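Input: structures, listed below.
The following pair of complexes shares a single chain, subunit A, combined with subunit B in the former and subunit C in the latter.
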Partner chain A sequence: MSNLAFALRGVNAAVSGTFALREVSFELPSGYVMGLIGANGAGKTTAIRCLLGMRAIDGGEIELLGHPVPGPVALRQEVGVVLDHTYLVGDWRLAQVERALRPFYERWDGDRYRGLLDEFGLDLRAKVKDLSRGMAIKLTIAVALSHHARLLVFDEPTSGLDPVARDELVGIIGDFLLDAGHSVLFSTHITTDLDRVGDYLTLIHDGRIVRTGTKDDILDAYRIVRAGPDDLNDLVGVELIGVRRTSTVTQALVCTDEAGLLGADVLIEPPSLEEIAVHIGAPAGRRKETV
Partner chain B sequence: MTPVARMVMLNLRTVAPYRCQCLAVFAVVVLLFVNRPVALVPTLVLLFTATMAAYPFNVGDKARLETLYATLPLARRSVLFGHYGWALACYLCTVIAGTALALLLARLQSVPLGGRTLAAVLTLSWGTFAVNVAVQFPLFTRYGYTRVSVLSTVLPLAFLAMLVVRLHLSLASARSWLPWTWPVGAAMIVASAAVAMTLDRRRVHPRL
Partner chain C sequence: MRVVLSNGAGAPLYQQIKDQVGAAILSGDLAEGSALPSVRALARDLRISIITTTRAYAELAAEGFIATVPGKGAYVLPLDSALVREQLLRKVEDGLQTALDAARQAGLRRDDLIQMLDGLIAAAHLEEVRS
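Right after this comes the complex of A and B.
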């Protein structure tokens, strides 16, 4: 059995006539957090659906906790899924949530469920539909942790959450990772969430993986360049990613090994995760420009 | 507990918050047919069982329960069979409670209800149930409850009407066709489950 939480290798999946995952490959060793970063519609949710076996793939292979996907149904005992919306009956009280889900999980821990609800400030008598977004996400996390999932998959859990709730969520992920062998896949377009907990990053754009690796490697792989409006026009062999031009400045992302080709009058700086995400996710019209 | 039994239980939990509305439907039917105990069970099956059997699909559409099913350690086959199992459980409970009530009402009103009449009533109820489920469930599986709720109400009735007209079914000739209702109904439900399985593979769920 490999020591990978999951791996996608050359995955192709046609979603519609205009969008598909193409040759998507990325993997996460057990015990780490991976941030899956991309703009809305980049393919994050589709990649997650493929990983969880919720969508058939047209090519490639997927491995989840040492098993090929689609794999045994029991594999879902090991995976907790947290989305940006709840998928529980709105009129269930939180005590009923436990009664409904407990029969499906061999290692359901009722004490842990009630303990987590207490810790998260959730009342067992509250109804699912009356929870705020942040509370609803905490509820799904409590469910995932109560069946002792080894892998937590978050799909855009922080979109729409206030900073306090986002900070709490990052803390919960940190606690989850204290147990050896626990892993997290965290899809988001809010990159600041990953500054604290992300070990690995995968950048996805238009159904393709732009780059995947450790956070430090990704940050080292790019540079932000800023120059006057015409200073980046006469260079050869440098790919400008997500060029932004104003009347006074031109800004773009470049690969670090190409940054040396730029002149001395070009300001070159290490990018933040946010800057990388913004430039890579730029609209097709200004995404890439080779000068 | 088998996976299908777990799914049946989940359906019970799904409708549990709405038990008052469901019981209200039961009570209204009983009140309307309090003077006609012979017609009580078939009417309960037509109105109450049909509502109850479809309720998990109805709630599921609103609460995105397809996502929940996809995350649970449960094969898709078990989810579908669990829906059919839930419908059968609803039918059995309705028939048991309805028959007991009908017998009680018949005794209180000195209406003859027993033996052949009761067997015919239960057989008709089974036929009604089987047609309802066999037509509705593949549609719910493929398109979801919300998109076909009206169509799924009309279609079984149209199908029943077509059977009566095409096969020249009448109460006078009931002795010849009524016994076939049980095996034909069971076969329809089995075929319906197979169709639902096939249609389910083609369904792309819109969200995680």
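Right after this comes the complex of A and C.
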């Protein structure tokens, strides 16, 4: 059996005339958390939809929990999905949610469902449409855990959540991962959630994977450079990623192995995850400048 | 087990865990045979990545402080006397270095220092005899 929670290998998928996933490859070993980071429109949701077999691909291959995608229907049992909208009917009460979903899952665990709702502070008599964003997310997590999913996939789970609810979500993910056979993928543009809990990161921009690996490897791969407004002009072989020039300072992200070429009079520091995300996601006009 | 991580500290998180658990073992707060939480439980409790806790435990194991049991957890190994001695020697060295730095600022010479040290040793000896 494969030791990967999932893998995308050379995936191409045309979305519109102007946007497509191009040669997208990344994978997650079982038992860990991966953050998929990119600006709005970078291709995070498309990549997730391809992974889950919700969208056809034009090339490449996808593996999910040891099966090719599209794969056996039973695979659905093993994956819990939290999208940025709810698929549940607004007028359902939470007790009805269970009755509606239970027939679709072989291993539905009603005691666990009610136990989780209780733990999450959700009332069985509440209606889906009356739940706050944070409560709705907890409901979908409760559903996923009740059918014993081994992989949880969240699309932008933290957007629209207040800091307390985000922290609670991080705790729920930690509980889920106590089982080494469980894995989590979540997409986000809020990098602070991932600073600490993320094991692996994948940076996506404009439908392409910019970099993927362990969080430490990604942080080590880049340096942030700050210099005067007229500096960083006559260098050869250094790519300035997302360079921003103002009348007082020039700031850019560079690959660590190129940072040595920058000379002594510039400030070179390890970047935060947020700085990496900002520079990689910068608009095309100033994203790259090879000087 | 007590682990308190600082966000602002220069040391990476795995290093902070390693240092604190190592210190607790050396001081006897964590006795031989004590069970440590699994890397996953520790990651959950500290809200950090599993890779980070795994690395901290791996280094503690490599230095002979703990043994890890795959899928279960980890426990404290009997203190290796050579290891303890090594740690104690380092502590003595650090203390003497601090004293030296202060002595230099105060303008003390070698003879003054040796005299002071002899005095301290004699006082400690006297204390021991009395008790």
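For the reader, a short list of remarks on this structure follows.
In this text, the second predicted complex is superposed on the first by the 291 of 291 C-alpha atoms of A that agree within 3 Å, B and C clash if a C-alpha of one lies under 4 Å from a C-alpha of the other, contacts with A are read in each partner's own complex, and residues count from 1 in each chain.
By definition in this document, a contact is a pair of C-beta atoms (placed from the backbone, for glycine too) under 8 Å apart; a residue touches a chain by one contact, two chains touch by 3 or more.
Note that this is a predicted model, so its numbers are computed, not measured.
On the superposed subunit A, the two partners subunit B and subunit C both fit, without a clash.
Judged by the touch definition given at the top, the superposed model places A:R196 against subunit C, while subunit B stays out of reach. Contacts of A:W92 after superposition on the shared chain: subunit B is touched, whereas subunit C is not. Of the two partner chains placed by the overlay, neither subunit B nor subunit C lies in contact with A:S159.
Touch criterion met: A:Q77 reaches subunit B, while subunit C stays clear of it. Using the contact criterion defined above for the overlaid structures, shared-chain residue A:G31 touches subunit C, although it does not reach subunit B. Contact with subunit C, but none with subunit B, is seen for A:V170 once the two complexes are overlaid on the shared chain.
Contacts of A:L178 after superposition on the shared chain: subunit C is touched, whereas subunit B is not. Seen from the C-alpha centre of subunit A, the directions to the centres of subunit B and subunit C diverge by 140°, a value given as a multiple of 10 for the model superposed on chain A. Once the two complexes are laid over each other on the shared chain, residue contacts for A:T214 go to subunit C alone; subunit B is not touched. Between subunit B and subunit C, the minimal CA-CA distance in the chain A superposition rounds to 28 Å. Applying the stated touch rule to the two superposed structures, the subunit B and subunit C interfaces on subunit A have no residue in common. If you check the complex, the residues on subunit A that touch subunit C are 31-33, 167, 170-171, 174-175, 177-180, 196-199, 214-216.
Contacts from subunit C toward subunit A in the complex involve residues 13, 38, 40-41, 43-45, 47-51, 71. For subunit B in complex with subunit A, the residues that touch the partner chain are 1, 3, 6, 9-10, 13-14, 16-18, 59, 62-65, 67-68, 70-75, 204-205, 207-208.
Of all residues in subunit A, those touching subunit B in their complex are 45, 48-49, 52, 54-55, 73-77, 79, 81, 83, 85-92, 96, 99-101, 103-105, 155.
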